[in-house]
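Next come two complexes built around subunit A: one with subunit B, the other with subunit C.
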Partner chain A sequence: MADTPSLRLRTERWLERRLPQIVVLPLFALSLFFVYGFIVWTAYISMTPSRIMPVYDFIGFSQYDRLWATPRWYVAIKNLFIFSSLFIAISMVIGILLAILLDQRVRAEGLIRTIYLYPMALSFIVTGTVWKWILNPGLGIERYMREMGFENFTFDWLVNSDYAIYTLVIAAVWQSSGYAMALFLAGLRSVDDEILKAAAVDGASPWKTYTSIVLPILRPVFLSTVIILAHLAIKSFDLVVALTGGGPGYATDMPATFMYAFAFQRSELGVAAASATMMLMTIIAIIVPYLYSELRKTGR
Partner chain B sequence: MRQRSIGGIVRPKGWHNVLMRGSLFLVLGLFCLYYLFPLIVMASTSLKSLAEIREGTLLSLPRAITFEAWGKAWDSACVGVRCDGLKPFMWNSVAMAVPAVLLSTTLGAINGYALTKWRFPGADWIFAMILFGAFIPFQVILLPMARTLGQLGLAGTVTGLILVHTVYGLAFTTLFFRNFFVGVSDGILQAAKVDGAGFFRIFFQIVLPMSIPAIVVTVIWQFTQIWNDFLFGVAFTIGDSNPVTVALNNVVNTSTGVKEYNVDMAAAIIAALPTMLVYVVAGAWFVRGLSAGAVKG
Partner chain C sequence: MKIIRRISALCAVLALTSGGVAQADGTAEVLHWWTSGGEAKAVGTLKEAFEAQGGTWIDSPIAGGGGDAAMTALRARVVAGNPPTAVQLKGPGIQEWAEQGALNDVQAVASAENWDSVLPPALASIMKYDGNYVAAPVNIHRVDWIWANPEALAKAGVEAMPTTWEEFNAAADKLMAAGITPLAHGGQPWQDATLFEDVVLGVGGADFYRKALVELDQDALKSDMMVASFDQLRKLRGYVDPNFPGRDWNLATAMVMRGEAAFQIMGDWAKGEFLAAGKVPGTDFLCAPTPGNGYVLNSDSFTFFKVSGDDNLKGQQVLASLIMSPEFQKTFNLAKGSIPARTDVPLDEFDTCAQRSHADLLAAIESNALVPSMAHEMAIPRSVRGEFLDLVTEFFNSDMGSQDAAQKLADAVARAM
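Here is the complex of A and B:
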């Protein structure tokens, strides 16, 4: 008897050994269903004639043809391009500048950092609300400058279809440049002191030390900051809704607001699903190579 | 963050140095103003009366401070057709965020623990696949999620939002805990295993007590994300079950009646207060979450 453990004991042992898998399985199943299953569903719907309600007749890629024949979609793509390049570039410049300045053994560094970073704790809806007020031509900066005596001062970007997209850049940079600063500062702090000391001993000027030694070391930080900001930009939805509502007209539409409008307001599920799939493709093209290299690096 | 033993690049060198330090602080100070400016404008506008707003400008400080706008924003401003302010919607957000944060954090902790400390064949693949969920644009799951919530009878409910935030928060929380557990030495766990302790016993008695930092970072991150969410709130709830971000947007963007800017600003501050408070109290942890999320985006 002692050689053959009872069935119950064996089952218990088996359970004990398999417990990690048994615990992970349902969570993995959640992800399979809610992420992968849903993506497949959306991708399929983008190939059906669905309008108000989803229907499941396969019609190939004609919704994509319709999507790419919609002028509003081109506006959204163009806006995304303008918005993300400016947003990423300006946030990076401010971020690296502030990080370098803060790295000079500044008194009250903690307080200053706290101030630079607090907008990240806010909802984009709050950010949009405030900037909408500040940029309001009748009551905000324009009015202030006019009261100051500059009677011809005009700053009506918020209601000007050619310039409204830049107001989104202003608000988004305000909210996220502190994040870029925090990432760069963490990077600067991880640079070996010995290297800086050696550079100082060799008589390298501060400017040269940064441009030819420190910044090249930070290349991976640049890459991940660009990726993070690009990811934020592609998903931007709340800020557009709160600040411009996509307007004037649809002058500040972005893919995320386009998809929402076509799905929930215009009852064009097929086109909405096609636009969502395009967004996913864009993100995959950016993220997957990055994730792949990150995961390899950390030697998972 | 640790201070360096040797200073930055600017070294003490007489009046030239004084000039450099001076301009350094000038630039840093200007940027402080830049980041604080909207907050100041928001606070000062919220304390003015409507008449004073019409007379003054953006930057004029309130002459007669009044908390009327705050009272109105809290319990009598109109959100759609309902006129009892942000109060009920704040409670919706609390009722949504608290369970969703607890659930997603707990599940993420167990998941990260099982995937790193009880490695089994395919664990890395499972992790990579779960992690992918942190990056997808949520537009791609909006339509099927709306349908699924409808079929579960959870359409337009706070419970539905809890489910959504738990499911899509799981990728982040698993990532946070996995990154933390990877750095925890296996020694103690091996010893406990030899002593016959099982999966859950090791988790509750050994792993959980040492993961307090990871728990704090995850809870703060999740709370900020979920509280500030707008997309899921606007897509999956209607009227009475709206979270506060959606209600705030409705207050600000209603086109009917007189535009009460002071109420808008007070409402914005009220909606931002919980996450601001968390940030002020636990800023260092918040920053840690941000940089831990660097692999996450």
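Here is the complex of A and C:
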């Protein structure tokens, strides 16, 4: 009987200490199962002969052999690299330029910022459909220019197998560079005025001030922008479907559309799972070292 | 009133033909993706007929992706052990599901109603697994049609519909000279493949078509005949306007209607577009089979999944009998624009193109020139079909040589087997 109060006290203390973990536990378990569990499942399916339905006989890496023997997969990979490098680079350059220009205390900054940011409010499906009309030679820019009198004007990237991938870059940059601008603008605003004044006192030119002082300070912003844009690029599925439908032919296929086609249109679950696993590996291979080096430098 | 009369006629026919199961009630859940205008109307006729039997119809339309969404839903339902009674599923897809042990057979109904004697043999074999019917066809679409605008042809001095590819090329050259786009085409992989299979039939004939596109014989795929087919496809590419990539097939049909283009090579769902626009076959538009004296078959069917419980089983049997009843085949196909899968249904109420289709079908059965469509999932599994589509569409959108294409095609098929 004498033990009871102290037992209760101990239970309460234990509960107090453990409560946060207990509360988080179900969510943790769910995400462990639904995210990581299915990653493991997909990886396993990629080593089975699954076609229309999942089967669980282990056959090793033959689905990967098949994947890497498929010409369409190489097109998808090449497109992903062209698209994501151009998309990330151009969006960031335009974003920084716009942010720096906006940072010069211009009038009606709020309005201009909203205009640049607005495309982000559209879904990629809308962006893709609109750009499909603008870039279609029979409907959009080319026809307009020809009606203006420039008979030989040609802008047929959308229907040209070699250039169609760049139309995706155009549409995606239009949509996302405003967002990059907003991130950089927030970063610029957080730069301490004192530093800039000190630089001005030391006689640094505006160019020197930006390249040697401001941009290095913005390093964490670069990190988040690259990560956000990179995941948009790798996930790019809706834009491709709406703008080019993967065509002409399969010239603008991406790993995501490749995977969708094999899993849901062709009953080739095994190959689709193999391609999904390859996508995951690619992301890990790029993001992990980058995160590691960046986070170590900033000491977080 | 018309509908009521039709339904009562249907009931009468059923009472006569289906004997044991005719007084039935039963429940049927039907999964399909016929959600657009004419299609929804067509499937509505089945629902009405089934409910007129006192049955309970559970409609499960799943729109999107040309059936991809429905197939995903189906997979989930089968894994969960709760499949629908019947699914709009066709071609070798039926065999794939049958191999998973997911289907029920309706052989009892089929034997009682003697389906074997009224279906084209090439179609019947697709509906069967292990010699028993597991699916029932609702229609036959012909894939190898040329649709034409007579005014555009007259303007360019083309007098008759072409009957060989040489004639087609000659007509197309005349049209080019007259400033009319010879061929309206939409650059989507399945449309490219539709052109391809019609060309293979015209160049190589039905036996070669069967060897290459159905039996997937490596020698046939690499043969000179295949190279010649690719040559003709390359020619067709030259007759298409530069704006074709990504265009939907019905927009291509509209080009023919407006006279911007003269020909379209497409299955007879294109006829639905002409009819919907109030055009009259024979005067406003012409229909003729593509060269080759064959018949490329496409057919929609309902496949029966493994349901249990008396009520569901009964519903399944009633549905099977209903789908194959001549009256339903007629009303359904009048709504959808195809022709009945049963060859013994009179086609008096159908248009001239449909009657031509029916006559050619009977002739093709006779001469063994009836072949299943590769592009429309009647001939080969979806995995192999996908390889065909990739290769053909890449050929069509690049300057790949014909020799090269035939070799790559053979390799791609070998990979997917």
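Miscellaneous remarks
Here, the second predicted complex is superposed on the first by the 264 of 300 C-alpha atoms of A that agree within 3 Å, B and C clash if a C-alpha of one lies under 4 Å from a C-alpha of the other, contacts with A are read in each partner's own complex, and residues count from 1 in each chain.
By our rule, a contact is a pair of C-beta atoms (placed from the backbone, for glycine too) under 8 Å apart; a residue touches a chain by one contact, two chains touch by 3 or more.
Everything numeric here is computed off the predicted structure, so don't read it as measured data.
Of the two partner chains placed by superposition, only subunit B is touched by A:35; subunit C is not.
When the shared chain is aligned, subunit C comes close enough to touch A:251, but subunit B does not. Judged by the touch definition given at the top, the superposed model places A:93 against neither subunit B nor subunit C. In the superposition on chain A, A:198 makes contact with neither subunit B nor subunit C.
In the superposed model, A:287 makes contact with subunit B only, not with subunit C. Contacts of A:9 after superposition on the shared chain: neither subunit B nor subunit C is touched.
When the two complexes are overlaid on their common chain A, residue A:105 makes contact with subunit B while staying clear of subunit C.
For subunit A, the partner with contacts to more residues, out of subunit B and subunit C, is B. When the two structures are aligned on the shared chain, A:266 is found in touch with subunit C, with no touch to subunit B. Applying the stated touch rule to the two superposed structures, the overlap between the subunit B and subunit C interfaces on subunit A comprises residues 132, 245, 264. Touching subunit A in their complex are the following residues of subunit C: 65, 68, 71-72, 75, 78-79, 93, 96-97, 100, 187-189, 192, 242-246, 381-383, 385-386, 390, 393-394, 396-398, 408, 415.
By the touch criterion given at the top, residues 16, 19-21, 23-24, 27-28, 30-32, 34-39, 41-42, 45, 54, 94, 98, 101-106, 112-127, 129-134, 139-141, 143-144, 147, 174, 178-179, 182-183, 185-186, 189, 193, 196-197, 200, 206, 209-210, 224, 227-228, 231-232, 234-235, 237-238, 241-242, 245, 255-256, 259-260, 263-264, 269, 272-273, 275-277, 279-280, 283, 287, 291, 294-295, 298, 300 of subunit A touch subunit B in their complex. The part of subunit B that touches subunit A in the complex is made up of residues 1-11, 24-25, 27-28, 31-32, 34-36, 38-39, 41-42, 45, 53, 57-59, 107, 110-111, 114-115, 118, 120, 123-124, 126-133, 135-145, 147, 167-168, 170-171, 174, 182, 198-200, 224, 227-231, 234-235, 245, 248-249, 252-253, 261, 264-265, 267-268, 271-272, 275-276, 278-280, 283, 286-287, 290-291, 293-295, 297. Across the interface of their complex, subunit C is touched by residues 51-53, 66, 69-72, 132, 136-138, 156, 158-159, 161, 164, 244-245, 247-251, 261-262, 264-268 of subunit A.
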